[in-house]
Amino acid sequence: MPTILGQNQYGKAENRVVKIVRDGDTHHIKDLNVSVALSGDMEEVHYSGSNANVLPTDTTKNTVYAFAKEHGIESAEQFGIHLARHFVTSQDPIHRARIRIEEYAWERITVPGADSRNVGSQDAGPRSAGADEVKHSFVRKGQETRVSQITFDGSKWEIISGLKDLTVLNSTNSEFWGYVKDKYTTLREAYDRILATDVSARWRYHWTDDAERMPDWEESYDQAREHLLRAFAETYSLSLQQTLYQMGSRIIDARDEIDEIRFSLPNNHHFLVDLEPFGLKNDTPDGAVYFAADRPYGLIEATVLRDGVEPRIPLDMTNL
Amino acid sequence: MPTILGQNQYGKAENRVVKIVRDGDTHHIKDLNVSVALSGDMEEVHYSGSNANVLPTDTTKNTVYAFAKEHGIESAEQFGIHLARHFVTSQDPIHRARIRIEEYAWERITVPGADSRNVGSQDAGPRSAGADEVKHSFVRKGQETRVSQITFDGSKWEIISGLKDLTVLNSTNSEFWGYVKDKYTTLREAYDRILATDVSARWRYHWTDDAERMPDWEESYDQAREHLLRAFAETYSLSLQQTLYQMGSRIIDARDEIDEIRFSLPNNHHFLVDLEPFGLKNDTPDGAVYFAADRPYGLIEATVLRDGVEPRIPLDMTNL
Amino acid sequence: MPTILGQNQYGKAENRVVKIVRDGDTHHIKDLNVSVALSGDMEEVHYSGSNANVLPTDTTKNTVYAFAKEHGIESAEQFGIHLARHFVTSQDPIHRARIRIEEYAWERITVPGADSRNVGSQDAGPRSAGADEVKHSFVRKGQETRVSQITFDGSKWEIISGLKDLTVLNSTNSEFWGYVKDKYTTLREAYDRILATDVSARWRYHWTDDAERMPDWEESYDQAREHLLRAFAETYSLSLQQTLYQMGSRIIDARDEIDEIRFSLPNNHHFLVDLEPFGLKNDTPDGAVYFAADRPYGLIEATVLRDGVEPRIPLDMTNL
Amino acid sequence: MPTILGQNQYGKAENRVVKIVRDGDTHHIKDLNVSVALSGDMEEVHYSGSNANVLPTDTTKNTVYAFAKEHGIESAEQFGIHLARHFVTSQDPIHRARIRIEEYAWERITVPGADSRNVGSQDAGPRSAGADEVKHSFVRKGQETRVSQITFDGSKWEIISGLKDLTVLNSTNSEFWGYVKDKYTTLREAYDRILATDVSARWRYHWTDDAERMPDWEESYDQAREHLLRAFAETYSLSLQQTLYQMGSRIIDARDEIDEIRFSLPNNHHFLVDLEPFGLKNDTPDGAVYFAADRPYGLIEATVLRDGVEPRIPLDMTNL
């Protein structure tokens, strides 16, 4: 036979699941987009169309919704672990499950005096809505999308989390000069420029084994995001590569549970507009006017990892 | 001649302009997308291709960037007023200018102790960055896009402002029942449902004349947005139409400077998932699991206006 | 009462309906996206939330699917007429219905000899698949989206049809010079440039009354599209406005059933790249290299109409 | 040092280049979106911000445009080979270049009699415009986007080509039954269903060495696309996996120059609408009405390869 089947996977993609938990009058929301990909003994369905080993993608969708009820959604990672374990352990032909999750954040709508109108006074746990927050009303936060990928092969776990579309900008403390000049180089050096990007980052957890203690996924995400933002803000940047490395190494240094991180950073160019034809000086130190360009854009990608660790995050993770 | 020319307009669309103002170490950012549309004595360019009356769209683009420097960007509305007045008063063939602006909000990145590292102690005006904010580092806010449309015909102004893509959700206090049932009706009545929408709203200002006192555009926007969110959160809703009307009338009541408001509200359906085939009760009072649907969606549109005022906001303003 | 309700409408938007008709082995496909908007006695649902006059949007969705079976989809316009008439005539509180439809075109996949493998020899009507066409296999055509809007108020019809996203380009026979120059003008005149646009057009039919003979909607669309393309190709253009007018007047002249047409034409700029710094001449007569820009872009909009006819197409029809 | 740098790459992404070649009055167009990614001795720019080894991304952009003039664009693959070779051989620190290209197809606008109006009679080469085609007027084809990825490490080439967004549909000859049923399975078996997908495919060429004879990239693309479409149309499908495998093996069998192919195929669900509540039978053999769903969707991915060949196409190539 001249042709053979290689790696293959299947499942239901983009199951949009919203879970509301009611804690008295205070409601909590989880808003996920869950994609399932299963692999295993699937040669026959490709060769002959026999579905004897195929759990329908429709069933994987049903499982997502049922598990949201049965297990709840403590965190995207924990939810994905429940799902991946289920598929691999409950179906013989399935040897590997990969769950990808996007999470959309919401915050509470605040209304002065809402607290007294909506709740009894004894309700004040750490996860409760604060004073002036309406306990069942939310506005979508709208910044980055949190992402995670949970993979299980029956014995070991691989957890990759991260975020995408976190748009940041420094209006100074960025330079670019001293680069290679060849016959196609026309760029002028810059000593005070805008540095802006849409951060896409994926970090891999050290945790791989049920016997080890699992990280606190929610806290780890919040902390990694915080370190990333601070490294962006505090780095005096001579290149976007330098900023990238600072963001990555800050997270690796600060978070023991994270071994590796990969970034894909578009350089969102803001070009100083030439206003001299109109008799105007567009002077950076004075404040300036920029053209925010769409395409093309620089694209800087790199992995930062703990020394001694083997890199495992795919180089093109666009769909995580 | 069997065919004639009707209404026409032209200009440069989607000029992306970013303005940084430096107030000592504290930077301020305005991030706009500006579209220019001019009308007037433009028959000839359509009939014969003569451009004798045509100010190039490239020139309208240059004017946007030059004005960002010359006049600054106090608010999107004020910036559009400068531009519209210029085009109509400086070019005889141009009788009407319409400026549409999208504005993207940014907030400062906070880093503990950032204040002391970045600024001198005397810097503390109301628009300054607060303690722990990096004075030149920003993260895009990512919620709604603020929009405005400024039209000038040489004597009168029409200012329409608003927002789009403000995604909100109430996880209770929404019902839907008592509706008409015909032979195609299968929907079951709902006594506790999720109500969610992406608010798109446009409001028209009373101000039309240079002789009148101009509203404070920034404060007016903030207040209208606040009233809209509160009305959404506080309304116990029997239909999305009722919620819409509450949002609109709250703004008309509270803001004298606004005469009319139009909403376009998709009903972002969250369907309770039937988990009974799996032996699970998906019970609303207990918290529940929902499928967040894409298409189709209900679409509710209406104008709310001050009694005695003539409605002027176009019914389809999708591109404002 | 200080605030009142203005124009309002509601319904289910974006019902994606695919209809397959089997003519022996030869299948025919219609692929539509149907949006319903109803108006009438709807004050109460806005003021008090009473749904007593409200036919649920879910019911309007059901009606779309049921009508695709009951009436078939001869054309988008005819299908919309069935729907609009039904809503206005079957429900007292509904006084006006507007149906918007997007249609996606498909063509047959061709395979040499497919005809003999798939059909009996007697099957050869004009709508049948040709020789070498697989009679149930389709590839989406992928060019423009056909659009239509059918409005009925109980006595008169308004039918607006058209297309969007038809991307066209002339690589010569386009100039731009002789324009107004003010202090912000830096553009250089062009005597041989690329002219490219994504055509968005809406045309209004003369037909308004059931008593008149209805146009052949399918043929009318094909012919209008053809005239539009030919006018684009054959016009030696001194401005995009001139090309727009030629496209519109060609259709008005050639198609008696069409009274008015409105265009929204982005000027998809293709800038000649300056290669002189690299010792290269980027010479238009010789063939040339262009940068295809995203934003900003010129935007040219105008109505062309039959003399004596009142214009009725809204100036901003972006969502038709 | 606790953290180190892993794989990294940089360059200018999404350079939109349009090349017009004039062959007398007959013009030819190539419309590409070119992304450059370079790797090599780039530690320092990450660690210290020194750009001493960094050829600016702006220079890589200039090179794309200059090469379009200097070398022309015979095919996307050949163009990428010129670029990749240049970067690796002209800059010591650069050890590897990856060029990704999207290509958008155009076809000529036809006008009866256009030939005689536009050209002399002697112009009739195989690449000339046909009779009735306007020789400088084009309409974008609008179906799939052709993609290619050219990688060079200084000695070996890797060429991966393919397409994305080719939307196809079979209205019969598709079944799905005999699958695994677990406690979460509710799906009913189907014996005559719509099968539809947006084909995304990437194939890898055998060619790796300048010493070997290079494939005819244009012909190879056309043939691979043709085989893919025919396999889709001719396969009586018991599962989308089976159809995928048929498409892949047909290409591997027929095209010696291709060693491996990977597919990512969403199952674009078309659900038969239940019309029984309205007293209607929605019968497949008779033609039927379907709801075309957005999300979730099945997602089927697999590699098909020549026996004995090592798979090298990344499993997630979404951005190729």
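Order of writing sets the labels: A, B, C and D. Residues in every chain begin at 1.
The rule is simple: a residue touches a chain if its C-beta (ideal position, glycine included) is under 8 Å from a C-beta of that chain, and two chains touch if they have at least 3 such contacts.
Being a predicted model, the structure only gives us computed values, none of them experimental.
Q: Determine, among B-C, C-D or A-B, the equivalent of interface A-D; equivalence here requires over half of the contact pairs to be the same by residue number.
A: B-C
Q: Given that chain A and chain B are copies and touch, would you call their interface same or different according to whether over half of its residue numbers are shared?
A: same
Q: Just how far, in Å, is the C-alpha centre of chain B from the one of chain A?
A: Centre separation, chain A to chain B: 28 Å.
Q: If you average the CA atoms of chain B and of chain D, how far apart do the two points sit, in angstrom?
A: So the centre of chain B lies 38 Å away from the centre of chain D.
Q: Between chain A and chain C, what is the gap in Å from one C-alpha centre to the other?
A: 38
Q: Indicate the residues of chain B shared as contacts by at least two other chains.
A: 16, 62, 66, 184, 186, 277-278, 294-295
Q: Note which residues of chain B are touching chain A in the complex, please.
A: 16-22, 27, 29, 31, 62, 65-66, 68-70, 106, 109, 111, 114, 134, 136-144, 166-173, 194, 229-230, 232-234, 270, 273, 275, 277-278, 280, 282, 285-294
Q: Enumerate the contact residues on chain C facing chain A in the complex.
A: Interface residues on chain C, with respect to chain A: 183-184, 186, 277-278, 294-295.
Q: Which of the residues in chain A come into contact with chain D in the complex?
A: Those residues of chain A that touch chain D are 1-16, 35, 37, 42, 45-59, 61-63, 66, 90-91, 93, 176-182, 184-187, 237-239, 241-242, 244-245, 248-249, 252-253, 260, 262, 266-267, 295-307, 311, 314-319.
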